[in-house]
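First the structure, in the form of structure tokens, and then the observations on it.
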Amino acid sequence: MKAKKLFALLTAMCLFAAVFTGCSGSGNESTPAGDSDGTTTTDSGDTGAAGELGESITVWMKKHHVDSMNIAFEEKLEEISAANDVKIVCEIIAYEDFPQKWAAAIESGELPDLTFMTYAETGQYYGDGLLEDVTDVVTQMQADNGNVHQNLLTPITFENKQYMIPMWTESQIMYWRTDILAAAGYTSAPTTWDEFREVAKAVSDPSKNLYGAGIGWGKGNSDAEWWTRAILWSYGASLVDENGTAVINSDEAKTVAQLLSDMYNIDQSIPTSATNWDDAGNNTAYISGQAAMIFNTGSVLNTVKAEYPDIYENTALAPFPAGPEGAFVPGIDDGLVIFKDAKNKEGAKKLALMLVEKEWLDSWLEMGAPLCLPIYEDSGSSGVWTDETYYKPFIDQIPNFTFIGYPGEYTSAGGEVYNLRIINDTFQKILSGSDTIDNSLAWAEEEINKVYSK
Amino acid sequence: MFPIKLIASKKTKSYFLGKNQNKFAYTLLAPTLIFLALLMIYPLCWTVGMSFTDKRVGLDATFNGLANYITLLKDPIFLKTIVNTLIYTACAVVLKIVLGMVMALVLNSKRLRARSLMRSLLYLPWALPTLVSIYAWKWMFSDVGGAINFILQKLGFINQQIGWFSTVTLAMISVVIVNVWRGTPFLGISILSGLQTVNQDMYEAASIDGANAWRQFWSITLPQVKNVVLLASIITTIWTLNDFEIIWLLTRGGPDNGTQVFSTLSYTYGFLNRDLGLSVAISVFTLPVLIFLVGIAAKKSMSDSAE
Amino acid sequence: MKTKKIIGYIGLYFLLAVMLLITLFPIYWVLVTAIKPNAEMYNIIPNFWPENPTFAHLSTLFGKYKFAAGIKNSLIVSIVVSAVTIVFSFLAAYALARLKFRGRGGVLRGILYAYLVPKAVLFIPLYMMVSSLGIANTLGSLILIYPTFTIPYATWMLVSYLKSIPVSLEEAAIIDGCNRWQSMLKIVLPLSMPGVVSTLIISFTLCWNEYLYAMVMIHDKAAKTMPLLLSEMIVGDVFAWGPLMAGAAVASIPILILYLFGSSKMVGGLTTGGVKG
């Protein structure tokens, strides 16, 4: 009997200890303000009635590559919290972790009041009726700070209302190695896709693991979804038409497919492993010297500048090559959204306005330049953005931004097609030779139609 | 021969002292059962129930019967996924069992020196954080600074770099290799512990009688540990079937859905495209197989305690 | 006879060498990367030893990424959960292995049914439960949830270990006057130590490396466990390889210690003078 009692006691103690650890564990909202390595829960204390921002706001922001941006963002929130007598809880989250966190938040009702989203997700969550209309905020921010690039508003406007508060944009650009191209006799970057092919071929030497075209596909590759669309658009092909019917099985698309396939199989100017690159694939290829030309956002430039001076000195930037229909740049549009069921929507809206206040916003984005670009039309003509070599090429691309769904509007179905990586799958099939171009494009058309007809 | 056979075939009988066993048994089981009941019944029901609805994240669920299942069965990607999952699980599990057994036998050998150290070293793959071991392998397979291609080229086995993830076959081989590398220690350790609860006297008696190592393994070792082996195999099968991170981080199911398995497809449908009903239905598909496996394990366990 | 022995030795050590090579090569890669300076990280031709080894990554790890806090949190969760798991599971396993009672088959199956649905789906209802209890975002939520995947494994494995202990030993003890509790704790438990220890180590490891539940449940930086901190070193397409690998190396140390410590307990079993025959 004694042993039995002892056991029962031990078990109870374990359970009790477990729950108790939980209750007094770090991270509860009653943590005192000012924890330097604790949560960024800024509590202005019990000074009576809540200010106009309400009692508490929870903010979820994407983790930026440049760490100083993350720190500055949290500091800004602390500042606002202190000045406005409101508790602000901030969580900086890696982009890949967002979908699960959003799902858990939505299902459990523990929603953030203000959260980061790209335009792609905005459309999708809007499609399910989960987002709050923020047209008033967008109107106000333009009244206060000047116009935002109008094409940044298009993909987040649905039925004449905006559902995202734009905060920054990113641009994809072509990086090229001046030294490698010079060795093959080229002093400037290719301006059309045909030239791109020619230069890539001239520069490649597979036996030395050197390839001209550092372009790849892969299920884990979001980059590829973007730039493949860019080249398709530049040849006049597109995934869907204005009505949402799939039209990818077209002659123009076949031309593009043939071009890329020839580059891979005949020219051998694309690394063999590229058919399964993830997003870091082209970064690694470029930094290691395997690839002479890649397409990416400013993340590579920041890395190379910080750690690899040899490569940095030999790097130049150029816009996307053009096809017969011109040059198209895949547009990125990131900002803040508010869930319809969030607890403090009014406070969130006011907070958002403060966060897009021009002076602060521009200085914040400068820390991450040229990866993050400003959204206000006249921001690009001053300060660091006028740097011709490294920063201006990015800014110049903004007016050319094209978004998923082109030539039609961006819709949630377009976002789904992107998530399913249908384009990547298609080109993987073509390049690895597991299916013919015609079949693969037909397959893509079928799959896209399936998604759009849901 | 005779003495060995006799000892090895003695079954462990369970015994019972009257009807009091029910009460005593349930007292011992209480903490576990209460805990699992409280924490698992709701989630399991939620999950299975959700698969019969059209639930999307944030929206209400309406019952739609078998619609999700029909959609899946009509989806060629899903059918491919079934095949991939079977191949992945079967290959990985078989390899892990065989290698785990070898590992356990080697570590159990009396001739081995520095046993503790060897055991700890061989346990490392399981101990290393999953994320890091996956990325380390990714790097080793890479054609940029990748050790494997480099060594193979130096040894003259290949002329050009192999793109370890560039074709469907190679990608499947690569993810299986990583899974086996990570998972073998689990089997090795479990079987080893089983080996060590075997009465060592039996081996002595057997050697005295002239049995060689293989005979000893077959007649003494195997019967004693087959419980543990079977069980560890079933558990490892269940875990491999549900394995997510390795494939997700290495290939995300590519190329061309060649390594797409249930868990990765479920994630894509459920969280990227937020169709929870469909994504859960994929998981529920594996239920019959898992229930079957659990059934085998339970039956075996019950029959061993023959009266 | 002697040649046989020598062949035996050679065979054994050859096998051991091959296993060690395959097992340890990736580990070696991790360690080497942890001391490789960033400039050498992307060498297209792999270098197997850095030209300028550096410990800078270690200081980044503990400075910028505050890795010590992550280790502490993971230790708390893993120790508590594996302790609770062993206690619960040993009791349950004894009942399942030794006793005949009604519903035995059902209980056996029921416990393993906890693995029917993968974590990737289960986390939503679990999160809902945890947040309605008000312990979301604390280590307590993890402590509460982790046993759902350690207990089924531990219980079943212990059942099979316990079964290989001859009943005759307990019978003898009971004849000598022990009650069931005593025979369970004084006879069976010591003899099953190898199984108990290995189950404990594996349960600990399962908790130690768990990522998904921790990522969903924990919001506060101070409560983040080690795997979460590791994944912070990867931002989109930019990997901080040095600190990441250094972090992995550091994170493996507690497990190794646990293992070396537990290893001594894993020898023995029935050689400790029980009943013969």
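Order of writing sets the chain letters: A, B and C. Residues in each chain are counted from 1.
Heads up, the rule we're going with is that a residue touches a chain if its C-beta (ideal position, glycine included) is under 8 Å from a C-beta of that chain, and two chains touch if they have at least 3 such contacts.
All figures in this text were calculated on a predicted structure; none of them were measured in a lab.
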Relative to subunit B, the most remote chain by C-alpha centroid is chain A
Find the two chains joined by the most C-beta pairs in contact, please.
B-C
Indicate the whole-number Å distance between the mean C-alpha point of subunit B and the mean C-alpha point of subunit C.
15
Suppose each chain is reduced to the average of its Cα coordinates; what separation in Å results between subunit A and subunit C?
36
Numbers and ranges of subunit C residues touching at least 2 other chains:
42-44, 87-88, 91, 124, 144, 231, 239
Residue numbers in subunit A touching two or more further chains are 4, 11, 100, 103, 107, 209, 278, 284, 288, 290
Touching at least two other chains at once: which residues of subunit B meet that condition?
31, 144-145, 270, 276
For the subunit A and subunit C complex, residues of the former touching the latter
3-4, 7, 10-11, 14-15, 17-23, 25-28, 31, 35, 37-41, 63-65, 67, 89, 91, 94-95, 97, 100-101, 103-104, 107-110, 209, 223, 278-280, 283-284, 287-290, 296, 299, 303, 307-308
Write out the stretch or stretches of subunit C touching subunit A in their complex.
38-39, 41-44, 64, 66, 69, 76, 80, 83-84, 87-88, 91, 123-124, 127-128, 131-132, 135-141, 143-144, 181-182, 185, 212, 215-216, 218-223, 231-232, 234-239
Considering the complex alone, what residue numbers of subunit C touch subunit B?
8-9, 12, 15-16, 19-20, 22-27, 29-30, 33, 42-46, 48, 87-89, 91-92, 94-102, 104-105, 107-122, 124-126, 129, 144-145, 147-148, 151-153, 155-157, 159-161, 163-167, 171, 180, 191-192, 194-195, 197-199, 201-202, 205, 208-209, 211, 226-227, 230-231, 239, 244-245, 247-248, 251-252, 255-256, 259-260, 263-264, 266-271, 276
For the complex, give me every residue of subunit A touching subunit B.
4, 11, 99-100, 102-103, 106-107, 124-125, 128-130, 206-207, 209, 217-220, 271-276, 278, 284-285, 288, 290, 416, 419-421, 424-425, 428-429, 432, 434
List the residues on subunit B that touch subunit A in their complex, please.
27, 31, 56-59, 142-145, 160-161, 163-168, 171, 249, 251-257, 268, 270-274, 276
